[in-house]
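Look for subunit A in each of the two complexes below; its partner is subunit B in the first and subunit C in the second.
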Partner chain A sequence: MKISTSGPSLNASQITELNSSTAPAVRDEIRAALKPEHTALVLDLSATKFVDSSGLGAIIALQKTMAPKGGTLRILNPTPTVMQILELTRLHRVLDIVRST
Partner chain B sequence: MNPAPPNHAAPAVEYPALLRVVVQPSLAEAREASRKMRDFLAQQGLSEDELQTWELAGAEALNNAVNYVPAGRAHLPVLLEVIAGTGGVEVRVTDHTAGFDMPGKAELPPDDSEHGRGLFLIQTLTDSAEYLRGGESNVLILRRASPSLARRPPHTVAALEATLAPLTEDLAASYESLSAIFQFTSELCHTDEPLHLVGKWMQELARITSADWHSFHTLDASREWLSRVVSSNDEAPAIIPLDKALPGLAVHAIVGRQDISFNAATKLAPEDPLASLARSSSGIVHPVFIGGEVLGIVAFGRHVEADPFTSGQINVIHTFADFLGSQVRMTQVQREAVASRVFHRELEIAANIQQSLLPRKIVQPPGVFITGEAQNAKHVGGDFYDVIHVSNNCVMMVIADVMGKGVAAALFASILRSQIRARMDLAERPGDMLTWLNRTLFADLERVEMFITTQIVFLDVSRRTGRVSSAGHCPLLLASAGGEVMEFQADGPPLGIVERQHYLEQTFILRAGARALMFTDGVIDARNLKGASFGLPALREWFASRASAAMSGPETKRDLLRTLDGFRRGCPASDDLTFLLTCDMNLALTRSSNATQNPPRR
Partner chain C sequence: MKAAIILPEKIPGLAALESIRPLPLIPLLGRSLLDLRLEELHRTGLREAVLFTTHNRTAIVDHIGAGERWGIRVEVRELPARDEIHACIREARLPVLPFHAKCATDPRGWFQNVTETLERAVELRLGMRELAAGVRVHRSAKIAPSVRLVAPCWIGANVRIAGGVCVAESVVESGSFLDTGANISRSWIGPSTYVGADTDLVESLAWERQLVKWASGSSVQIADAFLLGPAGTRETAAGSTLPARAAGCLGAIWRAIANLPDYFRRTGNEDFNQRTLA
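Right, the complex of A and B next:
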């Protein structure tokens, strides 16, 4: 995973999997990188090939981390596999999903 | 990845493929197991969408089995079983948790919940999800129909029989091959000519594999060509050159160290030695290697209208040909061992003959000390020396080197010695003796293309004179007490070269303290590890220094041997080393000469 800052946004990318054995560590690493000035968190899931319910839990947890300070979580370019599970669990309705070309 | 259609009946599973994975209870191991399941199902032909579905459903099932196991059972592994049949896929996960009640329909948790989506995913992704609770373990059974598996040809009994038929054929052929090998081994133990069996058993192999023709070639000792051992067909070449510039089936097989298959469509080079055999055929050329070394090739073919060899028949050819090759190699090794034993026995005989030719006790004329040395190199040759009593004050000294090694050379040395002793009336005239020996032995030597270098010295200590004649032998060295060395060169070619050769002789006069050295080329050709030879100049120098130092006869002999050993420095002798040393103990040797064509060189 790669974490970078772009202005008020913290960007996490190159996440290959969000499964039960990796998702807690990803969640904690991103939380540790978040600074008070970060008002947006971008999860770039363009390289993510597998997400299970634990991975979904980690995404929800990060959203809940941003919410109290008025920040946002944005899911960027999820792969079709990830998009399918987001839709299956109806989380696509509550997550800010952005697809760019 | 799509949810299963509702109300879909659980599929029956027929002729399933099974994956069974024992999963250590950790989340990382659980994830790895779900990857294995995906790979297994991919091998069964499931679509990418189906694979994603099962990977997720399996991961969720395994996560639950790991996450909820109580501490006291955390050491117990989870069992994952995946069954794929025409009806679909069934996955069973056996856990050691306390178990739970499977809801009829799991609901999604609130959107902000971080947990509680696993069962929903499992039920949504599969056609049926049953959870069977037991005392020690529980089993979650997931089923889902698979369109991909349904499209796959059914595993009917007929289809299975069709699959089994070639396997059965291969097994039968393998059995025949094994049986033939046992029979071959048995016959091999009862024959003195195992190579004769090779042809018979190549025919047997051709019968087992239904081949129309076959050939077996082995690598020649020169390693430059293959020689035909057996062939079913006269068109098989007697030899196949191993010339990479002329590539063909055999060269390709040996250089590439692999089978070369051919059929009617194969373009064979016109110069390929196997072209005439392989044309209009299908078959293989199999290189036979024993211990990494190429032994040869076997080639089997069928007429083009017949079916090509099956993989089972190819395997039989491999097995039997390699076995046959090992037997041929073993036979070669045995023959080489016998030949080696015969060779060494011959060397022993030759060494015995050579030793028997040497005088047990050297005749010592008054005032003169004569000593000799004969050392055999690895291969016994035909060196010998002799000192023959002529009268109270006269001896005849002979040194000879028969060209060649072994018993033949030793026998000619023996004949030469006998002939000399038979004509002691010629002892005082060494030139006449050599002339007579040459005429007597010429026919025999010419017949076997051998020759003998010989040097004869007649020494008369009462008259203080000596006469020397040499047939192509190394020069006689004569050193004065002051260290002046003279060479008496050969008076003609070796015995056996020119039939009517007349050998002259040279005369010298004895002076006090002088010494003479007769020797074979093993002395001056002694080599060191750098390949340099001792040489005549060094021998002359050594001889001069020892003569001027008045070194005693026995010490001079020992010193020469030490000098040569020191020069060789461990390099083994490549030729016999023989010399005859004569030391005058109170008289001087001075040289005078009669008319001679080869005056001595200073």
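Right, the complex of A and C next:
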């Protein structure tokens, strides 16, 4: 995983899998990198091949981390398979998903 | 009349479905493509057929046997390559009949087959009833009163649908279980599939753990059985021990006896049907 900062936004990318063995570490690493000045968290899921319920749990946990300080979580370019899982669980209705063409 | 039928090779676009069952044996409204084809051919006078395949001979023989069910004497031959099959047919001087007029080559084509079969299925098959125009439900299906069924839809044998589910313009094959609040729209649910509570299946083919978006062809294997998976494992997990099954049987008999007076009071299933379609 790669974590970078651009202005008030923290970007996490190159996440290949979000499953029970990787999701807690990804969540904790992002939480540790978050600074008070970060008002936006962008999860780039364009390289993510697989997500399970633990991965979805990590995404929701990160959203809950951002919410109390008025921050936002944005999912960027999820792969079609990740999008299928978000749609299956109806999370696409509550998450901010951005797909650039 | 005797003829040869060449069964389709593995189709890359349908790999997700074929990982569970060979394409000719995948059911479409309760009957496999091969069943439907043999029925059609029997009506046209075919009484003897040689089925050629490049793979899965055992599964096909297990399913059709010698063809007694269709009144056609069937022989299944497996040859490694299409060239060899064609050479064999030339040598035997057999006419070749197509396996399926429009055999799907991708998920979108598969769903098109589903909707066309749904539209063509005018006559009610044994065990099916029509709750409303275009809403066909097998008599053995157990559907909660709050379920919404939107035509055209087809619910197969032994399907269980829990409360708050909506099934619209979809097919649910036999033995599947749709849990509370699931939303199924323009989709095909394969046999013996569990669809988890409050899930959303739109424009999808779902069979056991396989989930295919038919419009885009994107497919994924769902890791969490509480979202999507085989229905069978759930049933056996609930009552796998003999005492549990015996207790279940006794309970069912007791409930049947207790409900007998109520059964005789009712004139039919109208009340249930109306609630089902509310």
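Just so it is clear, the second predicted complex is superposed on the first by the 101 of 101 C-alpha atoms of A that agree within 3 Å, B and C clash if a C-alpha of one lies under 4 Å from a C-alpha of the other, contacts with A are read in each partner's own complex, and residues count from 1 in each chain.
Following the convention adopted for this analysis, a residue touches a chain if its C-beta (ideal position, glycine included) is under 8 Å from a C-beta of that chain, and two chains touch if they have at least 3 such contacts.
These numbers were taken from a predicted model, which means no experiment stands behind them.
Enquirer: Going by the contact rule stated at the top, is it subunit B or subunit C that touches a larger number of residues on subunit A?
Expert: Residues of subunit A touched, subunit B against subunit C: more for B.
Enquirer: Figure out whether A:30 sits in contact with subunit B (first) or subunit C (second), or with both, or with neither.
Expert: The answer is neither, since A:30 touches no partner chain.
Enquirer: For A:89, using the defined touch cut-off, is the partner it touches subunit B, subunit C, both, or neither? Pick first, second, both or neither.
Expert: Touch partners of A:89: subunit B and subunit C.
Enquirer: Touching A:81 in the superposition: subunit B (first), subunit C (second), both, neither?
Expert: both
Enquirer: Between subunit B and subunit C, whom does A:53 touch in the aligned arrangement: first, second, both, or neither?
Expert: both
Enquirer: Kindly classify A:97 by the partners it touches after superposition: subunit B alone (first), subunit C alone (second), both, or neither?
Expert: Neither partner.
Enquirer: Look at A:21 in the shared chain and tell me whether it touches subunit B only, subunit C only, both, or neither; answer first, second, both or neither.
Expert: After superposing on A, A:21 lies in contact with subunit B but is clear of subunit C.
Enquirer: Would you tell me the residues on subunit A in contact with subunit B in one complex that are also in contact with subunit C in the other?
Expert: 19, 50, 52-53, 81, 84-85, 88-90
Enquirer: Using the touch definition up top, name the residues of subunit C that touch subunit A in the complex.
Expert: By the definition above, subunit C touches subunit A via 198-202, 204, 211, 213, 216, 218-220, 222-224, 226-228.
Enquirer: What residues on subunit A touch subunit C, complex-wise?
Expert: Spelled out, the residues of subunit A in touch with subunit C are 19, 50, 52-53, 80-81, 83-85, 87-90.
Enquirer: Spell out the part of subunit A that touches subunit B in their complex, as residue ranges.
Expert: Counting only subunit A, the residues touching subunit B are 17, 19-21, 50, 52-54, 56-58, 60-61, 63-64, 81, 84-85, 88-91, 93-94.
Enquirer: Which stretch or stretches of subunit B touch subunit A in the complex?
Expert: Within the complex, subunit B touches subunit A at residues 1-3, 26-28, 30-31, 52, 55-56, 59-60, 63, 66-67, 108, 111-118, 120-121, 124.
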